[in-house]
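You will see subunit A twice below: alongside subunit B first, and alongside subunit C after that.
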Partner chain A sequence: MKSPRTVTIAVTFVAGLYFILDFVVPPTLPGLSTRGVALTTSPASFTVEVPSNRPATYLVAKDDPLRPQILVAQRDVMGQIKLVPTTLRQIGPGSVVTMRRGPFEVKAVNGPTILTQSGATIQVEPGSGSFALYDPATGRRVRSATAGQTLQFEQRDAKVLTTDPGSIELIENGRRATLKLGRQSVVMKLSRYGAGTEIQLDGVRPGDTVQIGPNTYFADNRDAAAQFNLVITTMAFGIGLFSLGMVNGQTLVKRRSGWYLSAFFFGAVILGVAAGIGKYDDPGTKARAFSDFVVVQIIASVTSTVFSLLAFYMATAAYRVFRVRTGEAALMMVSALIVMIGQTPFGSYLTSWMGERYSSFWLPNIAAWILRVPNTGVFRGLVFGVMMGAFATALRYWLSMERMAGD
Partner chain B sequence: MTDRTLKSLARLEVIPRRTIYLFLFVACAIPFLVPIRLPLHIWKETRSAFDVTSKCPPGKVIAISSSWVSGSQGENWPQYEAVVAHCMLSNIPFVVFAVDADPMAPQMAEIINQREAKRYGKVYGRDWVNLGLTRGAPLTMGAIGRSVKTVFQTDFQHTSTEDYAKLPLMKQVRTVRDFYCLWAVDYQPDLNWVVFLDPTGNLPVVFACAGIVSPTFYSYVSSGQLKGLMVGTRGAAEYEELLRDTYGKRFDDRDLRGNKLIVPLAFGHLVIIAFIVAGNIGMAARRRQKAAEDNR
Partner chain C sequence: MLAFSGLVLWKISVAKRHPDRVYIRPIAGLKAIDEAIGRAAELGTPILFNPGIEDFTNIQTLAALGVLGHVAKKCAQFSTPIIVTTCKPVMVAICEDVLRSAFDSAGRPDMMHVSEVRFISTQNDLAALGASALMVDRRVASVFLFGSYDYTSLLISEGGKIAGCMQIAATADYYQVPFFIASCDYVVMVEELFACSSYLSREPVMMGSVAGQDFGKLLLLSLLGIGVVLATIYGTGNPFNGYERLFSF
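Showing the complex of A and B:
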């Protein structure tokens, strides 16, 4: 077992490396990607096993009114299984998926075959739990289809046998070429401005500039990385509370000086937790009223009061500090006074008598010019300098060169 | 100038801080007791923010990141209520969420949402949804842009965001493409919103920030990365003025804080400016007094 420090260093390095590469590495592998102007596409398809052991093939084409939506089962934060949409690229042979097709209007029913108004046919297997027809308006299951009904079709828990990602015909460097997509090929639609966005093959329109290449997988794992970040950040709060509890608990047990503040800390934590319990209750209930009282009447008032005191400290600090001792100090004071008064209604009140013709000399307009022009220039320079320092500091954190807690 | 006058003026250099506190308190309290109305100059940044929101087309939703809490409510409260009033007056649906904020943030926002909803006859779930709090910026911002319901699987009252019977608005909120613009209302909104929420840079982003941090955002307005900026209580008061001009009597400004707080703020600023000037007069008088003594 490695020491906790080594584990921390390794996790920090890997997480940092992922975030850097996520920014640097494009979604498709450089060197193996093809860029061109799309002409035509041949649709992707996939074959699934059906209960009668006859494989069924589905085309993934945008102009198909019954284009299947591919769904996979995932557990949500409440612990419930739900179906979430996925793409053909993210499934493969052996994957278990649910296909949703429609809504469509039934034209005729002939045994297990449903003919839709658009001319497409849907095969169902009566008696099989894997096939289901739904009323999209109510979400209720329909036992049998009748002409004129608007329905949605679902095939559940189907095992994928094969996938065909399709192909695209495009103009690449002035030459016409046909590109067969690989199972992990990513199709990026490029725009004149901004970054490219991933689209499905059937979303490519003739004339689109596309880049197609093998997946670098960084973009696919962004949500997982965001959740990892979320978990770590949330854990930090728990650790902070635990650490505060340890420190204050020791102070209380050993009756060190200020022990009553530690007792107050535990009282505040209990009050906060009690208030949190009723936070999501319906308005009007006692628990919700108690929560709102603690949050709005106590915590909000206390924090507002503390923050308001800053105004008084800032007033005395400004009085003591703003003294014209040098030419630069005079310049700073004059611009500060203009910006201060220009941001209040007194700015307009004092100078608007000059009329629209001389509106450039109104105090609010002079204040705005100071903020928009000299301030912007100075701030940009400052940010460049600060970011250089931040970059160096970030590098030290990433490589665990900074001192860690307990060192 | 006589020695006596110089001596009197020199005292202005060391005014006791309690005197400053008293003057500031009285100056800020007077407008609460005596109603005073002052003319407002609408800044370009506030007007741009207003125009961006006004142009929201039907079928689109405005996203509001409301991460402020009671500490900065003096500035963020009037800003947030002005934005919410605008959305409700224009029948623009909105989703509100907080990222890396105090756990109180969704509750603070909801107090305003529900009060404004009563005025304009809006219904929770159909006209707005409060998605609650999440953490982990800036990566979470990118995740919201890719899939709102993956990050916010429930609203702030733990109703599933896929329960369209209770939250019909969520049917049309999937990714950043369903947003018309993002408002970030906070003491110091996170600039990562500009970079991460919509990496293509197409989504207009508007900030509402505290006055003291506003100089850091002007460079992003001039570069076009921010489409508007509402600065402090002044910005909120200007926004209310624009709402009044646009919607006339339909705009219910009872209890809105922008115009109420701008006057005490202006008086407070005047007192601070007066003391700064007094301090400098005192310093100049003491210097002259010292020079006169040295010459003798």
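Showing the complex of A and C:
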């Protein structure tokens, strides 16, 4: 690379290309994808090994009341680990998952075995930290099951041994065929209008038009690429706070004019940090109450006050605009009046005496026509213009053709 | 997308070869930029530029940054300080870089000391109010509101109106255009925002892209016209559907 500008151009091009490809390239690889009308499906399954070394195979079938919901642990923005639902395609041998099954109704309990109303059996692992029974209504953990109870169970830290993505029988070009799905196969449900949507194999209904093929990875990694922006913004926040601290600290130490505003800044930062600490605490705790006091009773009130200024500004702006000085202003005034009165019960009252025969001349109908026909036409014209303008500007930036003042 | 890209790139290549063949009609709001900066120079007070409420991932903000560069260059020629306010922290560094480049290219790097980029608040309404307060405190002569806006368009533009500033606004958020029309002296309407930097720079490449986007609109309009005709002839349940009448028994 010759210069920083060349690097910038290259990075801009590659980043732009990624998002364009994400938009243009279909979710499944063209040429290697199969398209047809679904007949039947053979459910996907996966085998796991739980911490007590007990291997078990689970079917991912829609009709199965104990169909496991697969969850993986992810760290959220606050740094807390949370269980996030995932799909069979996104896990593989070696992945550590949590499975949530149920709710199911307990028919009988025989030692460590629970028999459900549907005939399935569940092996309870007393004393195991990775196995837990829950009451789905309250979300609370249940120590032991009794007949008649509705429960849900969670198996944590299960290590995936094998995965079988299942198979599908479909009609492809008039011929019946059975297609075995690969580990990275994506099932797209196609509709007459709009793009297809990714569904799981157990979500396929007989008669659905589906497209199945290897994943192109763009959609899966879009979020990761978009997080660049988040990283840059977060860094800017940190640098900004540091910079503000330096500037205000110097003002305060040297007693420059407006030093009391700098003192207020530090007070506000301390207050904000103190309020933020308790933001995610349980309701009812002191820390949460303090956070709510600062956020709801101070900041929200100040923001609402600012927002309320809009009402006054709208009144003065409307007064200036609605002065009838030209033909166009008069036209706008009349249409605005019709639309505004037409939206109120008073509008119906004014013109309802005309009767059903002349209902086209009722004010609400005229108002609706103005909004639906001329207004929509103009808006669509504007949208076309905006779309083309944005497209040309994006192309200029992407190909580094935009010329700034310094270029 | 390929067709639209092709059109834009084709017009750019035409503009490169024959710069005199590309014409952009005069845009009143952009012609007034010199007047607004001149007003500030005469009054000896700064101008204020607000690049909207979004960051650089929004295409309107990118278009606004192009205008900021040109406005800053003009300010450097007239020795008029420029204040930039933003509600996005990440925009501070970007706006500073645009200003620095513009001042350097105008041969006035010293202008960077009197001009400033201010991050006010991430909350749009507070940022608008902060910018309005600045207009009064610093006796700002002219205000440029270019970029993407939400309901705070009226908060910031009415603030400028009350402060007695000359205001030029441009946004592609068409719901905000009426508010700007009510409060500002000049409004660059909707898609014209994307033509601003081309219009101001008069660069053949940039002008060509604007001409290309107009050809794209022409293509869309033609497709609409064809669609209307086809829907009239072949549309189901259409009373003028000649196709249905012809083949119904």
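Assume the second predicted complex is superposed on the first by the 222 of 407 C-alpha atoms of A that agree within 3 Å, B and C clash if a C-alpha of one lies under 4 Å from a C-alpha of the other, contacts with A are read in each partner's own complex, and residues count from 1 in each chain.
Keep in mind that, in the parts below, contacts are C-beta pairs under 8 Å (C-beta built on N, C-alpha and C of every residue); 3 or more make two chains touch, one makes a residue touch a chain.
What you see is a predicted model; the values in this text were computed from it and never measured.
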- Would you sort A:Val14 into first (subunit B), second (subunit C), both or neither based on which partner it touches? neither
- Message: Quick check on the superposed pair: does A:Val324 touch subunit B, subunit C, both, or neither? Answer first, second, both or neither.
- Response: first
- Which of the two partners, first being subunit B and second being subunit C, lies in contact with A:Met401: first, second, both, or neither? second
- Query: Can A:Ala289 be said to touch subunit B (first), subunit C (second), both, or neither?
  - Reply: neither
- Identify the partner contact of A:Thr316: answer first if only subunit B is touched, second if only subunit C is, both if each is, neither if none is. both
- Query: Does subunit C touch more residues of subunit A than subunit B does, or is it the other way round?
  - Reply: B
- Message: With both complexes overlaid on chain A, does A:Gly347 touch subunit B (first), subunit C (second), both or neither?
- Response: first
- With the two structures laid over each other on chain A, which partner does A:Leu337 touch: subunit B (first), subunit C (second), both, or neither? first
- Query: In the superposed arrangement, does A:Val306 touch subunit B (first), subunit C (second), both or neither?
  - Reply: both
- Between subunit B (first) and subunit C (second), which, if any, makes contact with A:Val253: first, second, both or neither? neither
- Item | Residues of subunit A at both interfaces, subunit B in one complex, subunit C in the other | 229, 232-233, 303, 306-307, 314, 316, 318, 320, 379, 383
- Where on subunit C does subunit A make contact in their complex? 1, 4-5, 8-9, 12, 55, 57, 59-60, 62-63, 65-66, 69-70, 72-73, 88-90, 92-93, 98, 100-102, 104-106, 119, 123, 125-126, 129, 151, 154-155, 158, 172, 174, 178-179, 181-183, 190-195, 197, 201, 203, 205-206, 209-210, 212-214, 216-217, 220-221
- Item | Residues of subunit B defined as touching subunit A within the complex | 15, 17, 20-21, 24-25, 28, 38-41, 43-44, 69-74, 100, 103-104, 107-108, 111, 134-136, 139-140, 142-143, 146-147, 150-151, 153-154, 156-158, 160, 162, 199-202, 211, 214-216, 218-219, 221-222, 231-232, 234, 262-263, 265-266, 268-273, 275-276, 278-280, 283
- Query: Tell me, which parts of subunit A touch subunit C in their complex?
  - Reply: 20, 24, 229, 232-233, 236-237, 240, 302-303, 306-307, 309-310, 313-314, 316-318, 320-321, 379, 382-386, 388-397, 401-407
- Message: Under the definition above, what is the set of subunit A residues touching subunit B in their complex?
- Response: 19, 76-78, 82, 191, 193-195, 197, 222-223, 225-227, 229-230, 232-234, 276, 279-280, 292, 295-296, 299-301, 303-304, 306-308, 311-312, 314-316, 318-320, 322-325, 333, 337, 340-341, 343-349, 352, 362, 364-365, 368, 371-372, 375-376, 379-380, 383
